[in-house]
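Taking it in order: structure first as structure tokens, then the write-up.
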Amino acid sequence: MPANLPAALLSRPAFAAAFDTPAFVGAMLRFEAALAAAQAAEGLIPAAAATAIEAACARVDIDVDALVAEGRRSASLAVPLVERLRAAVGDAHRAHVHFGATSQDVLDTAMASCLKPCLEEADRALEATVRALVRRAREHRATPMLGRTLMQPALPITAGLRIARWATALAQDRERLAEAQSVGLAVQLGGAVGALEALGDRGAAVRHRLALALGLADARAWHVHRNAWIDLLGRIAQVTLTTGKVARDLALASQPEVGEMREAPADAGGRSSAMAHKRNPAGCALALAAALRVPGLMSVIHSAAIAENERALGGWQAELATVPDLAAALGTSLDFLEQVGTSLVVDAARMRSNLETYGGGAPPARLATDVDELLAELAPYA
Amino acid sequence: MPANLPAALLSRPAFAAAFDTPAFVGAMLRFEAALAAAQAAEGLIPAAAATAIEAACARVDIDVDALVAEGRRSASLAVPLVERLRAAVGDAHRAHVHFGATSQDVLDTAMASCLKPCLEEADRALEATVRALVRRAREHRATPMLGRTLMQPALPITAGLRIARWATALAQDRERLAEAQSVGLAVQLGGAVGALEALGDRGAAVRHRLALALGLADARAWHVHRNAWIDLLGRIAQVTLTTGKVARDLALASQPEVGEMREAPADAGGRSSAMAHKRNPAGCALALAAALRVPGLMSVIHSAAIAENERALGGWQAELATVPDLAAALGTSLDFLEQVGTSLVVDAARMRSNLETYGGGAPPARLATDVDELLAELAPYA
Amino acid sequence: MPANLPAALLSRPAFAAAFDTPAFVGAMLRFEAALAAAQAAEGLIPAAAATAIEAACARVDIDVDALVAEGRRSASLAVPLVERLRAAVGDAHRAHVHFGATSQDVLDTAMASCLKPCLEEADRALEATVRALVRRAREHRATPMLGRTLMQPALPITAGLRIARWATALAQDRERLAEAQSVGLAVQLGGAVGALEALGDRGAAVRHRLALALGLADARAWHVHRNAWIDLLGRIAQVTLTTGKVARDLALASQPEVGEMREAPADAGGRSSAMAHKRNPAGCALALAAALRVPGLMSVIHSAAIAENERALGGWQAELATVPDLAAALGTSLDFLEQVGTSLVVDAARMRSNLETYGGGAPPARLATDVDELLAELAPYA
Amino acid sequence: MPANLPAALLSRPAFAAAFDTPAFVGAMLRFEAALAAAQAAEGLIPAAAATAIEAACARVDIDVDALVAEGRRSASLAVPLVERLRAAVGDAHRAHVHFGATSQDVLDTAMASCLKPCLEEADRALEATVRALVRRAREHRATPMLGRTLMQPALPITAGLRIARWATALAQDRERLAEAQSVGLAVQLGGAVGALEALGDRGAAVRHRLALALGLADARAWHVHRNAWIDLLGRIAQVTLTTGKVARDLALASQPEVGEMREAPADAGGRSSAMAHKRNPAGCALALAAALRVPGLMSVIHSAAIAENERALGGWQAELATVPDLAAALGTSLDFLEQVGTSLVVDAARMRSNLETYGGGAPPARLATDVDELLAELAPYA
């Protein structure tokens, strides 16, 4: 059940599930289990301890309300979680639980683990969207329409050109996101001051095993120097902004006075509680809302980056609370892009008539060539 | 269960409850019930319809997941809620449900209704905090300590002066908040284009009854000109920022190298998952985290204010999703202030020794007079 | 000469002049002169010293580039300015220059002094704008037009209603601004740690004289508890956001496909460097650009408020740099509002034909009454 | 002369010069000259026209105040600039001035051109800083100090480890900046609707020549899909945030109660206008102020990215005004980093005594190995 119902509209079910409480607790427990396994493999704790910890992680029942209440007292969800896990493991192995790790290790890794399926889904959805837009751009490579600048008629373009530009921007965003993910979606393991001080000379080996087990990049502790992670978050932000731009274009084009494009056929989509006949561009509304949240969310993440010493006081906690909202904005964007990819309506006749009324003449034949050039660059999506 | 576990630390239980899904759905249903009652009283709908609607609001069982799923399709939670309510009311009165209202009326009023108990609690908690700080300031009116500027020793002040300044700022914030609340915490009722067009000449009377019933200010529809509401949100923000400043002061003072103040005695508070002996300023961490979120959250609210025509596309939805987070930040701030009010530790001996080591001489006697003057202005809190 | 040419478009000449380097240096010198006069009047420094300081302030020639270069070394423009002034005053009175004051006193007071004429101009311009809009609203009290929500046709309203709503919002913003100014546009005088420690029992009297001399409110030192000042800045922000909303409405209405309103007659306004025939809504572009800057600028001011101890390290300096940009945004907004007030074009015929095509029927007669009610509240502007 | 004196402290002289009015006007004129040359080379305009235009660009005298005043009327600095240039060129060639280009082409390219020397300087300064920090880290590879988390003592680290982490983060930021620059610091040439519609089949060739001439990347028109540019700006932001983190660390370490590090020897640096003996961490203050501005500045750039159609109304203009401030923040950061690189004071004795008092024992010998590993990765800087 969402904690904030109005915000629940600005998410995507799979993304909400990826960050919900069971998922996040599960990711924290997976960290502890995988950490124990890695430490046992490196001889730092007994194999029996790892087995016991893995078993406890699988069966421990976490009272979330109590976890949160205690977490407020320590400013850390990890402190009470580790306590419960230690209790569940029992006296024989309790000292091996969370061995050499710190709260931030669990929480940052859990956050990265929750984000991972979202990024995988984003990659697939962006690919599908670009493919669909490439098809639509090819279809409309020579469909003339009025180009508009500063919200006034400018010169003719083609519908294919506008769509191909959307596709190109999204394809570039997708590549940048994948690139940043390969570095920035990393395991966190550093211990109290980030130096893996308790693991002797096995620290790097444990971290590497942990990264492999969790499917995250291996990286030195990034407790306070979070630049690779922030770079990744910035690229998530960019996807939502490009999507917001597409949504704004569609919202403008679907004004009935313009009538050139719609996010979906008129019988689908957004109804009104006041006017039964009305069809709102509901997808545009949500995508724009998501995009409008992102500059503020990113500013929190940027502000939080000015961290104190070997672990921040306040900034890091503010960032943690913000990442799920940023992921939700990405999810909303993908929902909209998928809708556009499958349902975009282009009214070529209306484009032509608007062009005649407000524009001036046919677009130069070369514009279709322009589209072809963009599409050539997008060949992998054809 | 919180949707975003890391964010759950940055709330206050009563505030989280005020905005959680049952509370928000309840507030939407209260709007519909009170609207029907007001419309019946003004002769716009039959009394029997109002009775049926109130009964349905009391018993209707809302499947939240379905509500959210449908809400995504219309970009509005109100559309599916009204449908369910109409179904629950039955054919005889369905046309009288949500009569003359629009989605934004329900949602904005529900948001204001959820915020209302938080603001009442904030008023009480701020009053209690200021009272407590006034006591501590009087107690330490002549306790010398080193004043610090640009994070370097400056001239002597007194502990009482620093505390009395916190108290004064919080008392001013409290007054400003109450003032903005009296105008900005208002019912929303405007109908499709904000003109109460379906209610004939009874529109204002219905709105007034509705406001009284819900305990909100009566105000003309503020669908897109949300300046009184934003003013209120800005003053919520200010409370969190003043609190963040107090938290930063305390975090600096509780460095053991300084050791002059702590948020709580050493045996309370924030433990570490890595170092059993460590005591973190957990309250400061959460209050700072809350304060660090607020500039970004307010920037979303400000960005959303540049709204289109008679109802915004995207901006309003982004604002709605942000208000609960802003309220949560306020709740976290109050938790911290109450902790400081009851548990603040002042180490006068350490202050004196730091002053001797880094400062220079005793503070002028006049400083105690300064505190007295501030306290005189705070007489209502004595 | 503007330092940042693209930003120079987003100002208003009088506002740019109010904050330009000669004005800011002048304001700093006026502070020092008025401080000396006030201290002489209170017997803290010799009358001859005040006379010498006032004379030096009037004639001292400040090499701004050197001032900035030295200011970078001390993170303060006041340090080198005071040095120059001391040199100009000569040995006899140099100890009386800037007596008991600190850098922040000069800089905050100078900032408030530069802002003062802008706020006075804003008050006048807002009054004139509201008056003009009231006239236009009355003129169009019964001119039907299509109300639009979520960028789709909703129900009929009147042009007068839309314009009267703009006017009401601006009138409220004006009142709130004036109210916040009366408290928040205050002199700053606190000395090293804000306690006027060097002025003995004459501190408050000196500050009061200084406030009177500079036309600012008298207030206790607000070095780090800047809530009244931030409240004022927030209300400046609100004016720009309301204006941005008006600009967005006009930009949408002046799309030729809609054609219902324009910021100015077609032969005025924004030309294009690429298309000679094009007329861009240049005023809307600048007002929207100003409004779009404001959420980010306010977020800097909010972030900066989480200040350390008795004077912030970094935050305050960031705020200082931001206030002139915020004032510039206000100036741009006023330029646009004045343009709208004098030149707004309403095409009633086009409104009627759009209503027929996309809307449905005439607006209820009651809508004109609605306008009348809003205008009645705006009677002081009639 | 700076337009905003308090902001002038938050820049770097070379960066301020790179964006000042003569530089920006010069960059616009260089665009026009290089465009003409490229078009002549491609046979689109006569060679004589290009010669005349280049000559006019070299000698035209621009009245900046008039340019700004006219620019306000068209919401574009390019419109009046092109007019002046056409007048200067004379009737024979006036039609060849700015041929096929639009305002945004000139302005975006000028912005990129002004940013270019800043990025080159940033690359050099970052390299020098990393080199210097590598030296200091090696020097202190085994100097024990107290690691601090949540502003409380944690476990021992070494001074070399902290410094090597700074160096690693800055080296990564430098690489990411260079990578983004190679794509995002691009020429803008698109004409009215971004399709180079007036240049027939020579558009791409002209743009390529222009890019070469101006030393910018060649890229398709990015009028509204500005993702590569925003990516670059985000990486500039990251440098300032990493620097802000270093500044915060140093500000905390240079509290006299801690006394472990200082940005510069005690006889240098920030004086106070109130207390002659005081030495403020002036570099930290400016670097933190710059860093605190950046989240808000980036949020403007992000908000502006949700652009309308083929050219934005308002968003783009807001972005243009913001980029110089972002560059200024980068410049301030570099000033500070250079200062730290050359002047950082490490007080190993104080570190040891703090460790004894507040910490516990010597750091594990392995920590020096940790530093060595980080330094090995930084070998190119050794």
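Read from first to last, the chains carry the letters A, B, C and D; within each, the first residue is number 1.
The rule is simple: a residue touches a chain if its C-beta (ideal position, glycine included) is under 8 Å from a C-beta of that chain, and two chains touch if they have at least 3 such contacts.
Please read all numbers here as calculations on a predicted model, not as lab measurements.
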Repeat of the B-C interface, chosen from A-D, A-C or C-D (over half of contact pairs identical by residue number): A-D
From chain D, the most remote chain by mean C-alpha position: B
Approximate Å spacing (C-alpha centroids) for the pair chain B, chain D: 38
Averaged-CA centre spacing for the pair chain B and chain A, given as whole angstrom: 28
Residue list for chain A, restricted to those that touch at least two other chains: 75, 102, 149-151, 154-155, 192, 244, 247, 251-252, 270, 272, 274-275, 280-281, 284-285, 288, 291-292, 295-296, 298-300, 303, 313
Residues of chain C defined as touching chain D within the complex: 1-10, 13, 16, 19-21, 24-25, 64-65, 68-69, 71-79, 82, 98, 101-103, 106-107, 111, 191-192, 244, 247, 251, 269-275, 280-293, 295-300, 303-304, 313-318, 320-325, 335
Footprint of chain A on chain C - complex, ascending: 149-155, 251-252, 254-258, 270, 272, 274-275, 278-281, 284-285, 295-296, 299, 303, 354, 358
Partner chain A, residues of chain D touching it in the complex: 75, 102, 147-151, 154-157, 161-162, 165-166, 168-169, 172-173, 176, 192-195, 197, 200-201, 220, 224-225, 227-228, 230-231, 234-235, 237-238, 241-242, 244-245, 247-249, 252, 288, 291-292, 294-296, 298-300, 302-303, 305-313, 363-364, 366-367, 369-370, 374
